[in-house]
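One structure coming up, written as structure tokens, with questions to follow.
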Amino acid sequence: MAARPRVFDIDCRLAYTLDTPADFVFQLHAHEGPDQALESESVRLTPGVRSHVYTDPYTGQRFLRAQAPAGPLSVRYRARVAVRRPARERNAAEARVSELPDDLLHLLLPTRYCESDLLGSATTKLFGDLPPGVERVEAICDWIHRNVDYRLGSSTPTTTACDTFLNRAGVCRDFAHLAVTFCRALCIPARLAVGYAVFDKPPPDFHAMFEAWVGGRWELFDATRMSDPRGLVRIAVGRDAKDVAFATIYGAARSRAVVPEITRVA
Amino acid sequence: MAARPRVFDIDCRLAYTLDTPADFVFQLHAHEGPDQALESESVRLTPGVRSHVYTDPYTGQRFLRAQAPAGPLSVRYRARVAVRRPARERNAAEARVSELPDDLLHLLLPTRYCESDLLGSATTKLFGDLPPGVERVEAICDWIHRNVDYRLGSSTPTTTACDTFLNRAGVCRDFAHLAVTFCRALCIPARLAVGYAVFDKPPPDFHAMFEAWVGGRWELFDATRMSDPRGLVRIAVGRDAKDVAFATIYGAARSRAVVPEITRVA
Amino acid sequence: MAARPRVFDIDCRLAYTLDTPADFVFQLHAHEGPDQALESESVRLTPGVRSHVYTDPYTGQRFLRAQAPAGPLSVRYRARVAVRRPARERNAAEARVSELPDDLLHLLLPTRYCESDLLGSATTKLFGDLPPGVERVEAICDWIHRNVDYRLGSSTPTTTACDTFLNRAGVCRDFAHLAVTFCRALCIPARLAVGYAVFDKPPPDFHAMFEAWVGGRWELFDATRMSDPRGLVRIAVGRDAKDVAFATIYGAARSRAVVPEITRVA
Amino acid sequence: MAARPRVFDIDCRLAYTLDTPADFVFQLHAHEGPDQALESESVRLTPGVRSHVYTDPYTGQRFLRAQAPAGPLSVRYRARVAVRRPARERNAAEARVSELPDDLLHLLLPTRYCESDLLGSATTKLFGDLPPGVERVEAICDWIHRNVDYRLGSSTPTTTACDTFLNRAGVCRDFAHLAVTFCRALCIPARLAVGYAVFDKPPPDFHAMFEAWVGGRWELFDATRMSDPRGLVRIAVGRDAKDVAFATIYGAARSRAVVPEITRVA
């Protein structure tokens, strides 16, 4: 079960120009947990920027809050992370609603970009007759892969799972939203998972996958099939994309660079 | 080709209560054309109501405009209509866009309740690989029949084809809108057709079917499979439901009765 | 500041009929906190129904989970609650984003029924020039009261703040969603608050208000003006209605009675 | 009333690259009518492209249909047009619904991009108390000018009036759609009008205005205030943008140039 860890170097650089002061909430820090160990880490902001890190007591993920004055802002996060994620369990079962841990119930609910309340009927028609379990989640991934085109520029930050179900095109975040929505409509707790991922092809970018609760634990899936879930350096999990944005900005800022590099070193 | 005509008696009664004067546009008159002959007809409104009939020069369908004072309003339309509609042609081909008559081009466009501009991609994925022709339109009907539940109360007057595609439930009008939308997205001119229809089960109600342009003529289809297209006493055709409402009301009116009875007499 | 408490008796009865077993998550328990003291409390379910109460460690609100077999299900919650809520502070200031407590940041984000990401521009045009502070939140309530009609049946469980902004009609939940959305778009943390409320007119029903973070604390507002915020017996707060539904049902159940009675006894 | 005509030279050039054959419907021809006289005109397509012009018998507007083979396609339309449009009548009254000509009734209905059925309530709250007549239409233009930002890139070809009402940003087509929607919700027949317009600032582009039926005739308005309605060289009017697109393309084509130049020569 416990494979040799995959070790990655992260070097993430963001740069902005601000005409007026602005507030930022970054989510760039690699998550620490049983499946991810941090070997080293540093974060550097433009001197003079006030900042602090907030760790969510529930999830353990970290938020870097910054108050930046007008002018240039740059952020650099570097880390070495060892990922040791067990292989997906082949026969993982879905839990009945009555068996779900109390603190997972909320992950059955619809959210801003995952309108499982609107797609209930369609989900039942598509996947309701499949045997429950991890294979049904894999069937969801397969359906999305076959029926939704990966196309840069085909969606916007406000695109929802319903939009993607209609348009049949999107990027990683849209694929993950649709998968999360189908899962929740089937009473499988599901959430977005974002992080640093190795792609076959450049350019580097943040990546969104999703997690479904099967077999009594969170299993990670990539509906885009663009990256191996065992190699995701997870930053955060959340109800949907709004919870796990790498940067939420309060104020006006022009983005100059977003370069989340990741290199496998072992 | 020319079967014996089916003859129907229509007895349609509408009743309203108005607290203040209101304007009405009714579409109740049976259409006259090669496939429908009017043997007799009468219309009666509450005395004192000003009204006139307007015949659209393009389509030949008739609009009954009425200005009703406060108080009760009742409308009764009776007719005997012989419907002689040819059987559907088995091998009817789709026309290429270049072959479409000029005056049908507009029936490829999206309309209020038929957003073919939003469902283009989904339509192509569902039906794009099927051989073109009347069988593809029948495949659309089959898909809708399998994937959309007929359920009274599941939609409203503003429900669109996209809503129905998401919700997977609707009534006759929603089934027809979705079919029209799929057709247009495949470059098949399509329109709504409404009228009086015989159902297996009461209660009597207006019915919506749809027409697709295949084999060089309009063929009638019923995606609900609730009534035989050869027995529809057509009132009107239109881009979508807003064009062919049996009553469009300008003002406040409470509906007391909508009883569009139809009886087959030969 | 600390007024004499208002004391209420709650007697809430729900009844369902189930054709097959179903899972329920009820939120019926009055919240305990500085502004609400529980003097007595009891809950009774149909014998034979398995249930337990889950208390959210963050908010302290309680979820009653139940697994009910086929047949009738009834739930009765009774409590005596003393509410001692301070008068609204007249000059409460809005916090700057940089001043917001870490654990409130997420209440600036859009949610399923509160699309503050879509209404940002409209909010700025309507309220952006008003002086910040509690009076701006009151201006939001006034605007909603003037521009949205309270009308039973004008919305559904999936109606969102954008829908209400377009339709200009809704019920308490819609009023609260729109207010929450405007607040978040102005960077004021805001959330739904639901509970038992005394209305001028029967029938009894659950009520939704909203809370905005001003003056360094949560202030309660009722955009419908139907009930005094100082008399709400709060059950729960949440991001929007999905978080605080009095009953979330997994399975098929027909509701027979929803009677959340409240009586002021002191 | 009859001012000296304004005379314009139109030189409109479009260029595309096609990988496979495609069908086009262009609307480039200046309209002829009492307020626009054509002094000269020519149209030139890439040699070898089959085409013909279709004149709508109702509106008189012209559609250029073309079937282009793979390869480059260019279209050039040149014309000299004298526009002699009467000044707007100051006291033009709205017609009551009962007074509307039969063939205008359909311009009260909602369309794909003008959901007057969804914005009825909001429209009444915004404009319902204003005295009816041309001044109410001008109040609509003023409201849009104050409340909607003109911003290139803020909308897409599928943006509707409701979207614009929510987003408060758009381009000329969105401004016109919203105005048309408000008018229809007030029972004022309204339609889109597109053509060649002189702007203060380059670059040249097609322009969308709108027409409202007041004082017994069509009056032209520009909710963007970017161009004088008396100087619009009208190409077409329609229910909304889909009816009057300068190019509707069936097939895959890459646009290389859209240069609709207009010069005032007298």
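Lettered A, B, C and D in written order, each chain numbered from 1.
To be clear about the criterion, a residue touches a chain if its C-beta (ideal position, glycine included) is under 8 Å from a C-beta of that chain, and two chains touch if they have at least 3 such contacts.
Owing to the predicted nature of the structure, the values given are computational and were not obtained by experimental measurement.
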Show me the overlap between the contact partners of subunit B and those of subunit D. none
Which chains make contact with subunit A and with subunit C at once? none
Once you find the CA centre of subunit A and the CA centre of subunit D, what distance in Å lies between them? 44
Hey, how far is the Cα centre of subunit A from the one of subunit B, in Å? 47
Of all the residues in subunit B, which ones touch at least 2 other chains? 118
Mind giving me all the chain pairs that touch? A-B, A-C, B-D, C-D
Where on subunit C does subunit D make contact in their complex? 118-119, 121-122, 125, 147, 149, 162, 165-169
Can you list the residues on subunit A that touch subunit C in the complex? 23, 25, 50, 54, 58, 63, 65, 67, 96-98, 102, 105-106, 108-112, 115, 117-118, 157-158, 187, 242-243, 248, 250
